[in-house]
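The structure appears right after this line, and notes come after that.
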Amino acid sequence: MAGLTLASPSAERRTYSPWRETWRRYRRHRPATVSAVLLLVLILAVVLGPFVWRVAINEIDITAGLQGPSLAHPFGTDDLGQDILARMIYGGRISLAVGLAAMTVAVIVGTLIGALAGMSRGALGHALMWLTDLFLSMPQLPLLLLLIYLFRDGLKAVFGPEGGIFILIVLVIGGLRWMPVACLVRSQFLSLREKEFVEAARALGASPVRQVVRHILPNAVGPVIIAGTIDVAAAIIAESTLSFLGLGFPPDTPTWGRLLYDAKDFLDIGPHWALFPGGAIFIAVVAINFIGDGLRDALDARQVI
Amino acid sequence: MPPLLEIKGLKTHFATDDGMLQAVDGVDLTLNKGETLCVVGESGCGKTVTAMSILKLIAMPPGRIVQGEILFEGRDLVPLTSSQLDDIRAKEIGFIFQEPMTSLNPVLTVGEQVAESLRRHEGLSNKDALDRTVEMFKLVQIPNAAGRLHDYPHQFSGGMRQRVMIAMALACKPKLVIADEPTTALDVTIQAQILDLLQDMKERFGMAVMLITHAMGVVAETAQRVVVMYAGKVVEEADVDSLFASPGHPYTQGLIRSIPRIDLASEHKTRLEAIGGTVPILINPAPGCRFAPRCRHAMQICSEQEPVLREIAPGHRMACHLGAAP
Amino acid sequence: MSEVQTSEALLRVTNLKKYFSVKGGLLSRELGRIYAVDGVSFEVKRGETLGLVGESGCGKSTTARCVLRLLEPSAGEVMFDGQDVLGLSGNDLRAMRRNMQIVFQDPFASLNPRMTVGAILGEALTIHQLGSSASEREARVASLLVKVGLKAEHMRRYPHEFSGGQRQRIVIARALAVEPKFIVCDEPVSALDVSIQAQVINLLEDLQAELNLTYLFVAHDLSVVEHISDRVAVMYLGRIVELASASDLYRNPQHPYTQALLSAVPVPDPKVKRKRIRLQGDVPSPMNPPQGCHFHTRCPVAEARCRQTAPELKQGSDGHFVACHLA
Amino acid sequence: MGQYVLRRLLIAVPSLLGISLVLFIVLALAPGDPFSELATNPNVPPEVGAALRAKFGLDDPIYIRYLRWLAAMAQGDWGFSFVSRMNVDTLILQRLPTTLYVIGSAQILALLVAIPVGVFAATRPYSIFDQIANTLAFIGFSLPTFFTGLLFILIFSVTLDWLPFVYSTDVKGTGISWLFGQIRQAIMPVMVLGLFQGASMTRFVRSAMLDVIRLDYVTTARAKGLGQARVIVKHAMRNAMIPVVTLIALQMPAIFGGAIVTEQIFRIPGIGSLLISSILSNDTPVIMAVTFVFACLVVFFNLIADVLYGWLDPRISFR
Amino acid sequence: QSPAPYKPTKRGGGGPLKLLWWQGATLLNPHFATGTKDQDGSRLFYEPLASWDGDGNLNPILAAEIPSIKNGGLAADAKSVTWKIKPGVKWHDGKPLTADDLVFTWEYSSDPATAAVSKGVYGDIKVEKVDDLTVRVLFKAPTPFWANAFVGAYGCILPKHLFAEYKGAKSREAPNNLKPIGTGPYKFVEFKPGDVVRGEINMDYHMPNRPHFDTVEMKGGGDAVSAARAVIQTGEYDFAWNMQVEDEVLLRLEKGGKGKTSYAVGGDIEFIMINFTDPNTEVDGERSSMKTKHPILSDAKVRKALSLLVDREAVQKVIYGRAGRITANYLNGPAQYVSKNTSWEFSIEKANKLLDEAGWKLGADGVREKDGKKLKLVYQTSINGPRQKTQAIVKQACQKAGIDVELKSVVASVFFSSDVANPDTYSKFYADLEMFQIPMTQPDPALHMRRYLSKNVATKENKWQGQNFPRWVNKEFDAAIEQAEGEIDPIKRASLYIKANDIMWQDTMVIPVMHRLKVEATSNSLRPVLSGWSNETDNIQDWYREATG
């Protein structure tokens, strides 16, 4: 009707949805792609490992203590002769689950608080930002130590020795890491809510919930995902540091950090004992960080919005 | 006497994720001493890249001058290294950028930003350089010049910032000033001030000006000669009067006719003549004339063979198959 | 001001004010105010296009947003189709929104990059429950796209796959989706290239004719405003200084600011040599606008009284309003 | 400027109050008994522990204890260590300089590594150097400090026998040899902390530089013929430092966390190791004071960051 | 164990002595010392009248001689002891040491307001001055073990002229709490709580040719393994305290050759305690109440079976090594008190048999059950590497015998705390089994054994301050102990304690696991004088360095 025929957009070039576009860009980040595969392998190993490697994690054989890698014990044994591979498979589930769950907690809490602060213009927003600042200045490691000290037994009573401490560690690590996410989400919200497409939705009569859910959140997830990956890595390190300071999982729960802690005195006698869990932590953390880096490139706001 | 600046067959390409982007793909132009040359064209057609290529100010990588010569006073600048070019930058060729907001360093005082170039090229002491800066500020009509020396860019309005930019570009009295859309970001009343000022300066210093713009109005008011670019190529070149009087290329014609004209306001309103379609993407462009898909007069040959610049009248050149001898 | 009112006015804005407070310091005290819109009155008649021009920061967009209640005005009255817009809330406001839509300047920021064109257009229909079924809504979206010169299959594409001009068409389609009577166009072509600009202007004109739309057309480019508008209002620093029919205004500008503005517009014809009125200095900050007539600091003909009292917007001959002591 | 700092300090007060309240409550709820060590000793009659509990008012309600703490704090009384039976402030003041020395040196090392490497990498994005620096940075902050600490000890102390791994407060000798001793014993902890910090900082610097380098004013500077080095140092770096300062300030709590671990490993008599030992011996007043000092330090460094920010960026006015 | 004779022929000249304590001293008043680390630090400066040597004999320090019946020091009725002080001893500030200082020390410590940790030692006695260099300690009842006050760790004497004003409630304000002035071989130089204690040679020391070292430094912090490394592997330090480290690690470190480990035998016992009351039933707000009986463990057969399931050999081999001796006795020293009537064994078969006899039948899931109840036990201990490993070893054997053991480990500071509000303390014992170590702080069994008297049961009533955590009541045992405590004849007294120990063994009321030795790391050239009956620094004046390491 406008009396015009237009060439179809962007000629014949095949283009994709923003997410596929992101994936396409992500795949070009070599280390990130390799890391994603590595992490997947790690996850598969700890999930499926027990079906393949059927050695009990607490089978003591003191005659076979501190043996290096062999066919019977591919990762060697610890001083009680327990199979390190089996323990690592078991502990890896916990370590990785801690990372993922703590990240989930941090992201959910952070997004909620950030979104609330970003959408409200009044006292609530100020109060939430003050709270965020307060938590940012909180000395975290000491608090982490104290909280775990404080609540572990109560939760243990309710959820069992492993479940309780898992929930606690996840909540505490996640609960002390939401602030960056909240800041990020808030600043995203502050800028996005003034964006013209949000204003257009408002002009169309979209409710605030709709504006947030359909327009603001989907555009804010990119940075949140990146922050989330960093949180996974940080939580894994935090858990191992806690174990290292003797305050993590119960001694008979062989998380990677715990294994490392147990092995630290045997570094020069049985280096394999520390090397494998240490290496696993390292690989997981590097991989996750690289994935975050790849996502950052792929989701770079400048290129999408 | 050789022209001040002569660009021959310049090709500047950018490596992008999707392939080679041929931002500038064969640009020829000449600029004589003391002349004002306007470069017009749509956004993204390569005006800035052409200008930046002269002093190798494009990001390299991803950018690369693939081919061509840039003769400044007969000397080819293309093979020079960045540090060799440093002696020409600002000293021989001054630059004024499009966005006065972002083109000044926000954390340095404006005085320092002008003075550092004087210290570098004129070997002045700090004090002398600042004195000269005050002079320049007065020249570009910054009120209370001496007092504002130690102010930061954010304390200036857009128009004042552009004056600082002009002072900076002219500080070393270059032979050529390249002004890349110096008024696009400004309001009309301020735009008029800045254009007047530029004209003023040009006359005072007797330098040549290469003015990049996309506003035909600005071209008509300031240029002596005009180069029209489309999709990385020069499509037409003429002196300003003949270009407006008899635009040859269909793109130039469309460009002139698609703008509403205020001076004709009293006459009955006509429908604007729009150029349909959109600007082509410069990665692996289709063969033939790049304007062909949007051209009203497109012929078979247009999508097969690339037209070359040819003279259609003295001093008027154009790249179009239309009216060319078969 | 009573003369301004006519029965055919679709929109009437009276003495609209919008201040932004600048906060800072401990306990975020109010440090100052930006007088973005400082008492603006105008009306838009059914089926006409009112142009609103002025320099950057003079309050054009703020006025437009206040009219749509995308911003809450600090004072004033906005009547749309006999209804007090500022008094509405909840569902009434939503219903009102069906009648008024907006097209923004930046086609790249106006479309949610994570929604397909179909979803963007469909959302408007969903919110106002237009179209009973999904397939019906899809059909409507398709026809909207065709109406603005795109193709139905573009529905499944994402905004980043379109050029600026095409995006602006999608934005217009979105505004049209709810079948409004009135569209605010906030610099709809400023971000577009000249060649594309004409396409969009033509489209807007065609749509107006076909759908009997009313436009408030905001721009800083006088030639564009002159081209598209029936009447034009000139704003300076939060106030309207002159309002007249387009041809009248260009032929016979009364306010010194309008005169300077017009003379500053470059004309794309080297043969036309005009005398330019050069304005001195910059626009003052809206944080502390000058006393009296806001323009007196730059006015070539200012007198003492201009510094003291602000001139009223007074009607001259046949609907030509000027706010100047000297006019 | 002075007013600005004052205002920032005033804003910090409610935050610190909030933090102290949270910490106090957590501590009050924490299990354990500061006099537990007495309990294991059959020689010590249980009444002694009970008498001490009563003496230190451990059986009062929380809010009374908090108010008492607050009142004492306001008068400059940091409390009394149950375990050392001495004033907490003496205890902390003895150790604070060491912590600041180690953290400070580590931070300087981190900056010395991060700024040149980050800047250089950013000027040549995706070059070999950039990729190597990037990969190393990733590895650097993916290795937990406790692990690197142990490795360093094994390599440099045990195997090579180059460096001592027990940090001694007073180093023998005078003049140069004293200085040498101080530096020698700080090398490992400072490296562990500094490289960990430096790794993430390198990433900050690099990305901030990348953001700045493509800005228009850098092109302007190049158009002035100033030369690459000058353009980078004078025009790009200062602007790139602006976001980096904020990011480093945000990292402060993590830096102190890392310091706790390193102090523990290398027996550095800083407030971090004091914290761990007081947590283990349930010395509540000391835990409270040390965590609070950490919070104050974080707030203080944030303040410094704010001031720095304002100094780097003239657009921020100290109004 | 007999120490080499002291070789140095002159005072000083030994250079610095560098000691590494992985827990640094936090205070330097011996009467406030919360742990041996503090006692060790104070002991560099303060001295008692006498200290214990490796064989459990007294060794005079400030005493002119050790009281005996022969020299008239010991009263025949065992109700008093008279100490003679070495003449001419001077405090570090030059003031002479007199009987007044001893009397004051007693007053100071026994004042409840002082809240001294040594109150247990001085609270029930009286000290009177006989003359300037003689004091008499008076007991309420005949006391066969008279060498408690003024001996060993709590025996350190404070200078009256510096502490007189700071007795009782004001005790915490004494400036000399942090700047000790004693009579010891080293004079105070510097103290940083938890970090370092530094001293320099006392040139006026009252023993000839002593001390050997010019300065002493006691550095604190870190962990045991790295402390061992610093002494044995890198030689940065001369001596490290209390190497609670797997023996394997120590053996490996010793290959480095710069140092070695030394051991001192005392009476410390690592054992598993059995709960005789029911931890899962609450009576009057108290679990493990005396009104209940443990549903499983009150059966002696089950207790015997458990004892059979503790693979002590494995525990020693993998965990304690040279630092532990397998034992079936609760009382392990001094030699005259050690029972030879007991034995231990590890046998899953026998345990199975006993359990079968007790009526616990193997269930389908491999766990025994009786009357529909599973044989499931909670086994708690403090968090500590060797303990968790022991737990793992015991748990595995129990599993093989059809006992389901749930391991629980509690942070040490909670486990050993006297916090009434906390359910996880060892004195509450809300578990079926718990394992820890009881140190024997003096070479006399009285304190060690009387814990298990019926009257010492830990209950809610006494705020769990009773020391009989198993809530074990045995008339025969009570009688034996009570008789022993009034017995002056050492031979008869010893046989009564052996009898008491045997009763404990027969009833399997505790399961002794390991008789633990003190383990220290020393550089090759250092000649420390160590004793299992005293703290590491109790004989510091006799330490020296052999010229050729």
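Labels for the chains are A, B, C, D and E, by order of writing; each one numbers its residues from 1.
Just so it is clear, contacts are C-beta pairs under 8 Å (C-beta built on N, C-alpha and C of every residue); 3 or more make two chains touch, one makes a residue touch a chain.
The structure presented is a predicted model; accordingly, all values stated were derived computationally and were not measured.
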Shortest walk length in steps over touching chains, subunit A through to subunit D: 1
Mutual neighbours - chains that touch subunit A and subunit E alike: D
Interface with more contacting C-beta pairs, comparing A-C to D-E: D-E
Chain whose mean Cα position lies farthest from subunit B: E
Distance-maximising chain from subunit C - centres being C-alpha averages: E
Length of the line joining the C-alpha centres of subunit A and subunit C, rounded to whole Å: 48
Cα-centroid distance, subunit C relative to subunit D, in whole angstrom: 54
Euclidean distance of C-alpha centroids - subunit D vs subunit E, Å: 39
Approximate Å spacing (C-alpha centroids) for the pair subunit B, subunit C: 32
Multi-chain contact residues (two or more partners), subunit E: 411, 424
Shared interface positions of subunit D, touching two or more other chains: 31-32, 158, 264
Two or more partner chains touched - positions in subunit A: 4-6, 10, 149, 153, 264, 268
Complex contacts: residues of subunit C adjacent to subunit B: 55-56, 163, 165-166, 193-199, 201-202, 205, 220, 222-224, 226-228, 246-247, 250-251, 260-272, 274, 276, 278-279, 281-283
Subunit A-touching residues of subunit D, taken from the complex the two chains share: 14-16, 18-19, 22-23, 26-27, 29-32, 135, 138-139, 141-147, 150, 154, 158, 250, 253-254, 256-257, 260-261, 264, 275-276, 279, 287, 290-291, 294-295, 298-299, 302
In the complex, subunit E residues that touch subunit A: 225, 245-246, 248-249, 252, 314, 317-318, 383, 385, 388-389, 391-393, 395-396, 406-411, 423-424
Contact set on subunit C toward subunit A in their complex: 28, 65, 68, 70, 93-94, 97-98, 100-102, 104-106, 109-116, 123-124, 127-128, 146-151, 154, 157-158, 160-163, 166, 171, 174, 178, 199, 202-203, 206, 210
Residue ranges of subunit A in contact with subunit C within the complex: 1-6, 8-10, 15, 17-18, 21, 126, 195-206, 210, 214-215, 218-219, 304-305
